[in-house]
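Heads up, there are several structures right after this.
Shared between the two complexes below is chain A, which pairs with chain B and chain C, respectively.
This part shows the complex of A and B:
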């Protein structure tokens, strides 16, 4: 039973850690915990569906809200990046590097240079794969061509200020990051016009609640505040599936524990038939015998819990602290568009541990009922007839 | 038959049948008897005569196929399993041939178990068991486990367990069968003393003539029927 408890705590910790990392990675790289758009912006993401409110006023309002820890305005479109005779299709994202640092961790993914800043010579940051495809390096030049909002074809020459490696091929091979002003200039948008505002809050798990509250506060029917669960339904589904897996683990571990309790207690009852016969003969009621066995099983579960805490705590401390390093097997992988590193760290999910332990107690007590009823059914007359040794 | 006040045990045409394949055997066959309070009665007879089965029926350990059994004024044949357990706890003490002490408990814990079932407070339990141990020569052995005691000592603990709760009836199934003659005689001395001092009714089964000689009443069973009762 103790091994079952340790296994359960280990798996719950790992799954919670992976879930936490998946959500953090999925939201912190570029998405943010939530985003604000014009009502019709998603899913087509037309450059004409800009947020119908003054950028400065809206950002001022958001940054004054205590639930918002960071707000980063953006414009977004699609275009063609070329260098020499090489060209690739890219998603163009205009952003304010300073504001972005409060919301996302893209700057941490730079392997060379920095994010684009406002400057006379327009700057661009591209992914490692895009740089390779275009044959450019830091300081190299890239031409961007995109449909502008005034119907013209916007184009400009950009100097590569940074090269990033996110671990996601989609970003590393197809994303061009510009300074917000440069991007607006490229697609002929006024300085006050933006397509989205990415937001960071205290915790991604509260995103839905905060998004609803924020939408009510902003009270603008033309804009919507979407939590990450809405923006990336794949990640949301993965999280839901991960929760389902936790329940499957509960069922597996509890079934094993129940079988082991059933087996142990049945053996114990068969070995102690004489004892139960004596107890019945001297006047112990059948229901008291059942209670005795259930108490014994619960005590067994209690001892198992203590053993599990003693052995499991150092193990979990290591799993949560240093994590499990799988770098000798893989450099990492991506799930639902989220890059997962090769080190998997667990999490202290004390609530889940407590629920697991409580359920294991209930499970053990239930599994002990059958042996208890067998013990209570021992006929004391068999004792004097010599049928119980 | 010795005559004392009201009967502690009464049976009326009690019959118990055991089946083995196609064969049926009446282990107790129409036994009617009365055992009065304070008697020191022996049920004697050869192996297979039905001594143990009769004790089981009197002790509410087993149910008769026919007939009725009363302990004091309670007809036990109509009681449920739980009610029979309560009756055993409150009115009957058992002494088994092979002692049947609980190995994981000390001598004192074994002896006080019935009191525990009766809900007697711990201090009172200890007092009564200690007093009983002193009376039957077990003083100083309170904390020993059964395997640390001799056969005679274990049977004395069993006697203490049977009698410490002051039952109206003590049933002993061949209590001296596993003991040498000297130890068996000493044990009978203890039982007889308790019978005379406290007035507890003792009914024991035996096929040992030396034990029969000690009984104030001897009931002889043959093939499940009373052959002689004097």
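This part shows the complex of A and C:
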């Protein structure tokens, strides 16, 4: 039972850790906890569906909101990146590096250089795979071509100022990052025009509530605030799936625990049938016998729990602290568009542990009922006749 | 540049009069087969005006275009001044763009073939695929008779098996009296019409009757269109294959 407890805690911790990593990675890399767009912007992402409000007013209002920890304005379009004889299709994202640092961690994913600065309008940051495909390195030249808002063919020459590795092929191979102003001038948009504001809030878990509260505060029917759950349905369905997996884990672990309790207690009861007979003979009520066994089982569960805590705590501390290094198997993998590093760290999910422990007690008590009833049903008369050994 | 290639096709069709009489399908093939043979070596130099109407803007471009056969074409924008010198070169299966602002030549990757050409309703793919009509499509005469008082043929072109084409079906209407096309409809793989190209303003340029207006309209946004107007055209001009070079793509004063 102690082993079951440790196993359960271990698995719950890993699952919670992965879920946390998935959500954090998925939201902090580029998405943000929520995003603001014009109502018609998603999913077509037309450059003409800009946020219909003064950029500075809106940003000011957002940054003044206590639930918003960071707000990053962006413009986005699709185009062609070219260098020498090589060209690739890219998503072009114009951003303010300073604002972005409060919302996302793309700057931490740079393996070389830095994100484009507003002072350098001709800088570009691209992913490692894109750099390879274009055959450029830091300081290299990249031409971007995109359909501009006035119908002309926007084109400009940029110098690679940063190369990032996020672990996501989509980003590393097909994303070109410019300064907001540079992107706006590339596609002939006025400086006030933005397509997206990415937001960071206190925690991604309450994104839905905060998003709808924010939408009410902004009170602009042409603007929508979408939490990450809406922006990446894949990620949120993965999270839902991982939650149902923990329920399956509960069922498996508790079935095993219940069977072992049943087995232990049946043995314990059958070995002491004579003693129970004697107890019955001297006038102990069957109900009291049942209570006795159930208390015994509960005590057993209690001891198991203590053992589990004693052995499990250092184990979990290691899992949470250092994590499980899977790098000998792979360099990390991506699930539903989220890169999960090669090291998986667990999480202290005390709530889940407590639920697990409580369920273990209930389970043990239920599993103890049958042996208890057998013990209570011992007939002292048959016992004295020697019919029960 | 499809319009250039297309023009070459039409011009050749006109000179391919009286094809051998056979079964309907053979006849359709015969016409286009002859067209294919006649098109090779045919060259042109044209002054083009392009009007692009989109939901958000209207643009007028003026350009000079050269073509040789179906495989080589060069088009250089002259107006507006801001885009002067922007040019596209097509040689065999490849397309390059020259951007004077950054003074660089860019090769269009195959992944961008369905992208818009210069913001118009023509795709880059339009520039390369047209020449393979005869090999990539199975051509039948789907109508032969009178429509609004004019005798026309309607050709239906279905892609042959394993052909690397983007269209599910093409339907082309041609006037019988002078082999002038009236319209062509493009269908996707599900049989939905995607766009219509309409021809008009048939005029004699350089002693040949040609449609001097071509208009393409996407079916799902019929208020948008790209109109190509031929202001002047010279046929059978002396152009070497070497004319269609990356060097000439970058040349600012080409005549």
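Miscellaneous remarks
One rule holds for everything that comes next: the second predicted complex is superposed on the first by the 386 of 389 C-alpha atoms of A that agree within 3 Å, B and C clash if a C-alpha of one lies under 4 Å from a C-alpha of the other, contacts with A are read in each partner's own complex, and residues count from 1 in each chain.
The rule is simple: contacts are C-beta pairs under 8 Å (C-beta built on N, C-alpha and C of every residue); 3 or more make two chains touch, one makes a residue touch a chain.
Note that the coordinates shown come from a computational prediction; the quantities given were computed from them, not determined experimentally.
Superposition note: with chain A as the common reference, chain B and chain C can be accommodated side by side. In the overlay built on the shared chain, the residue A:156 is in contact with chain C alone; chain B does not reach it.
Contacts of A:191 after superposition on the shared chain: neither chain B nor chain C is touched.
Judged by the touch definition given at the top, the superposed model places A:259 against neither chain B nor chain C.
In the overlay built on the shared chain, the residue A:147 is in contact with chain C alone; chain B does not reach it. In the overlay built on the shared chain, the residue A:170 is in contact with neither chain B nor chain C. Between chain B and chain C the least C-alpha distance in the superposed model amounts to 81 Å.
Residues 52-53, 55-56, 59, 61-62, 81-82, 85-90, 92, 94, 96-97, 100-103, 113-114, 117, 161, 173 of chain B are the ones touching chain A in the complex. Residues 274-275, 277-288, 379-381, 383-385 of chain A touch chain B in their complex.
By the touch criterion given at the top, residues 52, 54-59, 82-83, 86, 97, 99, 101-102, 104, 106-109, 111-112, 115-116, 118-119 of chain C touch chain A in their complex. Contact residues on chain A toward chain C in their complex (touch as defined above): 48, 80, 82, 85-89, 143, 145, 147, 149-153, 155-157.
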